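For reference, the structure is listed below as structure tokens.
Going in written order, the chains are labelled A, B and C, and every chain counts its residues from 1.
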């Protein structure tokens, strides 16, 4: 079985808990004087980024380096990719360089899946965000943050998010973070509610294992965590909503709305935040907001994923029941 | 992590029973106090899984002898193993260093079985990333020989000459419901890395 | 030209008959015909159909000869049992002048495998702004009667109305690629449950249906003929059914792939399943089959769209849209329509030869298999079963969605005006 992390939907409950538990141990390494582990010495991890994303790239880079892997950063900008080289040729180049894992960020949905299933490379493929499809390590770090905050770092070990109520607010239609979180949080036993104006909810959402609400105010009191998604101002021009002002009035999180949340409930954001749009500065800077924690947790989660994929002869995850093509 | 599983239906023979284990632990505790001249800077670090339980038992014995609490913790060596690529990636166990730290102290590593010595080599590496103890010593319940590295134990519960065809299985009440050391005969393909 | 005797073939699936071809025409149909001086083809158990006619083929020449040429495309057509194909206008340069359509027409004549009837563009450069010289293309040697901006929709209602009116002067027909452009910006696949999960831009059914609704109303208003290309949704079927019930001059085609494949296949992100209009849902597939059976949809057209390997060997978003289809069309129709009992072989002859020829006003094709008619014939072995192997394609391109899939039926012989273009499943 190939060892990849393409979609949060490919993770079983036990896989997901194993990743969270492993990340918990990785997080403890960050508190040591020497933050490095020799585990992936001699392994090469390539960060293949076709889209700009400094935050995600340095998170993966820090994770790989803490595990002593060699890291090669391959950014599409200024490379042969911008001169028309195809994903395939880039992949073949990486293969020739002996990449044990390729962490790929791509603007096209499905590009990591193609990379993993087309036979272009042998290494593990980790999806670091593909188009409007998925961003599984973001969902994992979100779940990790929730488990730490809502269950507890040590008391959470071995446990999932059974019965927790998670609300995800914003541009669901274009959000890979939302898709991965719906899959993962549901797998972990949480109840997910998506909140957005109807224009920003995909047609077909009725088959997702979650609820959809058009009103933020109706769900706040019943949320253990509220995850705000970035809303790009450009969406306004495509008539997804009339004005910024109207959007933040109806779907933005301000202090008044935060006060309606249960006392233990947290506010999350995958970043980068658009302050004044989906979140006010008051909320973003409050101690209920986990944005900074999420960044730190991202490194631990990515260490866990890289370790579980590369730290042995085979992955520790039951992983990738790579969808098979019909009649092939 | 104990790599040995006894697959035989009948062959496993107890070489140490619960009272024997209690007795050797008491002896080791006394030896530690003697060799460490009172053991006031001793930190016990057990190697998961069973080494951790043995370390806790030793800490209790030390307290009975010295009247003081001895810091006890755990040291997971998984990510320092030299055979990672020979088996699927393993789940990690907890590394728990007592609050006082290990800087300048006498760390006594505790494990159930000493075999190839590779686990202890990994433990020494792991320890080096955490701090710089004054000295490191090793206590094991059973030394079954067949060392592959220049490593020896400072405190041995029982020296048990074995052949490579044999398996040594330590059972502890905390994990297995009873205390025993079982000697068996290996039937399956060799997987033992210790 | 010598004589050929096809012995014991079931014409349109009927009782076994002998068919004697003399020169370019069918000389005699009967039983126990005299084989003297004729090459005999034993056709026991095989179905004899009129040569198939495709209303919708992309031959790519001029301009994209790396994916197909008139020669390779017509060879593929012959292998698939076709004796005439309509070559779509979206070439480089666009077939929007008499010069380009005559060039394609001439290349077809030279190929000798299949008649090539060029389709003329509706608007200059397929831009949807200014009518192309429809009359000049009609009057040219190519004698264009079908006009289409296929690949693009004639979305401007006024341009569409004028085109429909203008072609009445020479009994032309406008074949519409129904795709509302604003509703399909960034569209990558059918909008629905699968697109929501995969995060691929949705191509909603309503983008097709709204254009069809508009165009049948326009055609009725100006009393002209409109033909709907590659109809793909259950809703489109309802609109066409309604338009026909009004007695309006509306015809429609469906592709083989829309009769068989669904958007579930896109879960593989394999661009071989990327096509425009996109693969739809199971419910759409069933509605299309039913509509083809009851005559709401008039005919099957392949939308054969060859692409070079590199345009499909990439990520989904970067891949070209389209599938080759000439060489597998009849097999897919057999599987989805005949083997399911929805139509018989006479129905196949109707949907793949008589009706498309009639819609295109194509002479010499889509004729009954009887004495005195042109010997454009296709002989099919319906009992054959085999996996599709693109390596054996006559087409220059290999972008088939059926690789490795077992399909029924095989064209054993194709005759173009009495001359065998395919013998025993191989190009003659």
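Everything that follows uses one rule, which is that a contact is a pair of C-beta atoms (placed from the backbone, for glycine too) under 8 Å apart; a residue touches a chain by one contact, two chains touch by 3 or more.
Quantities reported herein were computed from a predicted structural model and do not represent experimental measurements.
Note on connectivity: the fewest chain-to-chain touch steps from subunit B to subunit C number 2. The interface holding more C-beta pairs in contact, when A-C is weighed against A-B, is A-C. Of all chains shown, the one whose average CA position lies nearest the global CA mean is A. Here the spacing of subunit B and subunit C, counted between their Cα centres, is 76 Å.
Work out the mean CA point of subunit A and of subunit C, and you get 45 Å between them. We define each chain's centre as the mean of its Cα atoms; on that basis subunit A and subunit B are separated by 39 Å.
Those residues of subunit B that touch subunit A in the shared complex are 76, 79-80, 84-95, 125, 129-131. Listed in rising order, the residues of subunit C touching subunit A in the complex are 188, 191-202, 204, 264-265, 267-270, 310, 313-318, 403-406. Taken together, the subunit A residues at the contact with subunit B in this complex read 18, 21-22, 25, 28, 32-34, 36-39, 67, 307-316. Within the complex, the subunit A residues that touch subunit C are 86-88, 106-111, 113-114, 117-118, 130-134, 176, 179, 202-208, 323, 325-328.
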